[in-house]
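Dropping the structures in below, format is structure tokens.
In what follows, subunit A forms one complex with subunit B and a second complex with subunit C.
Here is the complex of A and B:
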């Protein structure tokens, strides 16, 4: 049995041996994807549309800024609409180390900034179908990655990588990611729940090259079990405009943009 | 008709063979295609507005009934062992095919949102099972401080915690229930006890237990009836043929049901009961007549006997069967499909019993010969008894009349006390596991029965972000909970907002209220969506914030409890109306209530309708409207007494007991028709009213007495049933038989006697 496995692995290795990135393992591919150059800072307006089973929608527009400080990535966002939450702001500091995120919320009606501490990284982002992890907050070494195959999807040659969580209690038993071989931008991702049933499908609908960086400007996350979906459309994306470091503070949260 | 029947006498074997072939086919069909319908939703009229709305609301808010598994540890649940059991059980339930993962709620899945001076903390209560005393105490404090779980998921004495697994309506099966029971049992040890309860269990068990009990009891009923019939008819042959009629008519009814692809509903299991009670009557009357004929003509051949029997008895048998069938057909007016089917197939069975009685019994006589008539002395004393009795009745008319009036008057008083009960739990024994478990959980938690109130702002977006509206909702929730001890818990959007307001104000109890600012409400909701599980909010408010779902947990599922809650809620109707909000209800508890009302409404409608049709029909049959009314007297008295007794004995009207009024009509009318027909025959022979009464009593009175004794004896067996509704059924059927019988031979005889109906002015050919 063991020898058979070895033989199979050897054959796969040989078969794929002639392609350009033959030496890449699943882990290396995911590493390249996670650490793809995205610029120092980014400014954009996010239009988030939540659609429920009955086809009803909640639409939110958020002005957002983010900046990479090396060991920490900071982002701040201000709600523009709906009117009753206008100027509500939210700040997130995400660390490269294992330290959990620092988060603050400012509610204009309460007129106070409050810290939010959450032990769960599986929290959903703003009530959407995306978790913080889904949005790129997942650490490389949290999963075991395995290159399953290569295939062409939407006309793009992709790696197909399976990632299995090292933590048994994690909300996804596994994810399968289709990654564009040419630029290491994700194309599609499937999320499987704790009982290994398909839970969500992420589809990248539009990738734009802005100031030399690839930016995903239109993506859709669909929860197939709840029949609920979220689309995120970015507009007015600017990269490396030199967003001031002082923007990411409690004072700015209360003052607004 | 008579000629056809006589011709059939020449080919008894053909009849028997044909009957056997068709019966075999239907039996095979029944074996292949019959299925039990256990999904109670299928019993509800889907197009009724209340159900349409409830189904919609269930869809909007994901309202499902939950299976509740309670974990009890007398030493308290806050220890590693119990917390581990809770975690394991939660995960196992989440993994079951029948259960959606997100539909399982327990302390293990719940979020703990707490406030502090500078912020807000969102944590699971525990993920890894805490092992140190410090961590366990910490968890305990968190639970006690969080009113979203304390008293809801963990009992206030901290000895019990629950896992709630919501399931879809059509999921419950006996196998699934057994699987859960087995799973639960595997976690039990000397410290930890587990209990399973919840509406799906109650509904499912009821849908299975009633028919299962019926299956066990009906053969015993048949056995007892057979034995009593043997004693009464003094003939094994006659008894077996009579029972064959009952058996075949039931088989045919269920066979045709299977052929037409209609499933067996719980009420359908009453069909055999009805057919036993009604079907034996034809046989008894036929044989009783035959015996009397043979007494007078001891040397008659079997053919003469059969012909005389057919000649004299076919009319009353047909008349009684048609009137009875009409009584059941009138159930078609019901809005509830299982009841319609019950009506149709019982009517069909009654008509088949008629056909078998008229065809098979004579054929049986031709094949097996006449029943032996033992020359017993008792026949003389029997006659004497009939004579004395009828003389006494006729000579003391006023006693019957006054007694009837008095009994009816008392019954009317009793009827006032009748109440309708839609409870499922009340159908179980007080000391049954299901009732005890339910009581146990009700003692420790809010309640096992839920009532969903849906507030509808008619498409006005964000109506439920308005603090004024929310404060009104909050006030109503408090009033219902404080005024009614039966309501253990209420839950709605206000609970989330109160909690968020408290959390964002450093957990200060002062802020456990709805804030005054509308923006504040909107921002708290956004914050909850961002930090808690947004799915939770979807269960209490819809996407546009224009429909609200408020859950009331009740400690009892009976109609009195539900109605008391509805009353308090409805007192807020005008306040909500001012805000442009309508009050509607949803959920299984409410549907059960409406369903019961519908059944009763339909039942009362069909009762009145069938009474009118029967009076008209009998008036036409006997060509005299007075007879129609006289014949209806025993029925009315029987139904009156039946309801009166239920009132006095505090037996509520439920789906089972309400259907019983059909039997009162079905049987009552049989007695009356046989008796009147005989009275008419005798009236043509003599004008001496006393002799008419005596002769009728000796003939029909005798058969009716046999009939009553046989059926009462049979149904008394049901008093030993383990399923209370079946016991009530047995008692009430017996009572109805008894009162019909007494009513026919007393007050009806008296009315016939004092009426000035002239039976002789009919043309003579009718008698032949």
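Here is the complex of A and C:
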């Protein structure tokens, strides 16, 4: 009898597929992507290159730190170039709950840390092609997710998931994301504007395994309507080095690194 | 010529020193021209070189910020805005030297932000980062979790800088009789007894940021002690007393100030507030029995403001009120004095073109200063600004009095 039970269980398992991934819904895939292990803390230098349609480039360099405190993830950025924003710092506290992010900016000329609204997530970050929302942790339940298909892109087997915002006024009518089935790292993402025309394409150009975690170290966002693009290259990436909690404070924002 | 030579030597020496010590050097060069549209005069012709020399280590840091202004063709002015040393310890930091200290949450108004006095030689027109003057101080910041206790000792008092008598921002006061100024009491000698002390407790939390402050300070603006001398008017029958001479003695007095500020976010809107209670301020009075035509009163100064977005436009507005307690009808100042500010900003063309409008609105005086500007960034280091300073309203108001100084201006700036 015991043997029979085991056989029945085994048949059910086989019938539902060897891999748990085979049954994933669009929401589950995005959940795994958003909640992919990235380490307790991370340090890196970001080089952001903005290229306009004439090919002229503007470069921003940012030193950044982030740390996961469980229910809140804190990140801090120190702008190193260009000269007019040097020593400016920006801090974000992002919560697992529905609480909106807390954000502060320190402008060295004004010598004051100022709380700013996190409501403008559709604003472009430092004139780049990335909005704050594109860069941050978008909440899983902010969109309805649907698995469209599976396909191979750049030799990688991918899920293709469509996400439509529950907020009708959101700047994107939909996004379509290609996610590597093997590690749940994004490979490509298309952003569609309010009239469902393709607006931007995000291409992940390089993923590195650092201290056992997958880190996107080279990505490009291209605005196909206006023909300008932004590349983001991470260097000096360190994971789980024990970044101090005191790093995410007014003291360090004003003092710098 | 002598000053220019000294200045040149100082800059060359500091630059050589910076190179030898591998200091981090940054700053900007700027040309700034303004023309009043009433008469077409170039009232501002100013070239500026701002240099920042910094060296930062694990435990110590150093900063020097000389700023050189060339007014018109030949009037050179060197201003050491800041020169200080930092020492970093486990739970506290110490900064010693000339420094600018900014407190509070308000924009463009100074309620608890009273540690560094203002340079009003160009009224309120300089950028907010240039309108403060440095103070020679020792500042200690002690950190406990997310909160900071800041203690400041200023051994040498620095007053507000006022416009020169030949400046377009100087308003000639009108006196009813021959007036003599006695400046002998206007200086505060540096001493332990004459020191200023400030204390602040601040915290930055997920719900609210706040500051509580107190200060035992000097009034940055001198009190005008007025002594009247009377003669007899013999042309009337019977002869009557007549005011013949005034002696005005500017003198700084002690002030005790306590206050606080906060900022928080509610549904995407930033709420800000700031208030301070000033104890022992001297005001002018027309009471003939008052000694030196002065009366001492306490007053409350506060601001409430919000920052919000409509689409891509960033907006901010503030209401400011000054309230004199135990008011006396013989005081020329209003019991309540109300002002508002309004700011709108729109960034476009991938943040290379910036449109901004900032206004002070004198609700009590029925006047305003309206400041539109447009800035274009040619590249990351080079920008050009075209703006206007438009003074409107009653001529006896804080802003309306400068109606003839309404101007358009341009600033071209190179950052390095």
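Basically, the second predicted complex is superposed on the first by the 235 of 257 C-alpha atoms of A that agree within 3 Å, B and C clash if a C-alpha of one lies under 4 Å from a C-alpha of the other, contacts with A are read in each partner's own complex, and residues count from 1 in each chain.
Quick note on the criterion: a residue touches a chain if its C-beta (ideal position, glycine included) is under 8 Å from a C-beta of that chain, and two chains touch if they have at least 3 such contacts.
No experiment lies behind these values; they were computed from the predicted model shown.
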item	value
Combined model on subunit A where subunit B meets subunit C, clash or fit	clash
First (subunit B), second (subunit C), both or neither touched by A:105	first
Touching partner for A:35 - first (subunit B), second (subunit C), both, neither	neither
First (subunit B), second (subunit C), both or neither touched by A:52	both
Touching partner for A:235 - first (subunit B), second (subunit C), both, neither	neither
Contacts of A:249 with subunit B and subunit C, given as first, second, both or neither	second
Which of subunit B and subunit C A:211 touches, first, second, both or neither	neither
Which superposed partner A:88 touches (first subunit B, second subunit C, both, neither)	first
Touching partner for A:126 - first (subunit B), second (subunit C), both, neither	both
Which of subunit B and subunit C A:117 touches, first, second, both or neither	both
Clash with subunit B, by subunit C stretch, listed 44-52, 188-196 or 314-322	314-322
Shared contact residues on subunit A - subunit B and subunit C	52, 58, 82, 84, 104, 109-110, 112, 114-120, 123-124, 126-127
Interface residues, subunit B side, partner subunit A - complex	60, 94-95, 100-102, 118-124, 127-128, 462, 465, 504, 515, 517-520, 522-524, 526-527, 529-531, 533-535, 538, 542-544
Touch list for subunit C against partner subunit A, complex	26, 28, 56, 61, 86, 88, 93, 100-102, 105, 127-129, 141, 143, 146, 148, 202, 204, 206, 209, 263-265, 267-270, 307-309, 312, 314, 347, 350-352, 379-381, 383, 415-416
Residue ranges of subunit A touching subunit B (in the complex, touch as defined)	52, 54, 56-58, 79, 82, 84-85, 88, 90, 104-105, 107-110, 112, 114-120, 123-127, 169, 193-195, 225-226
Subunit A - residues contacting subunit C, complex	50, 52, 58-59, 72, 81-84, 86, 93, 95, 99-100, 102, 104, 109-120, 123-124, 126-128, 228, 246, 249-251, 255-256
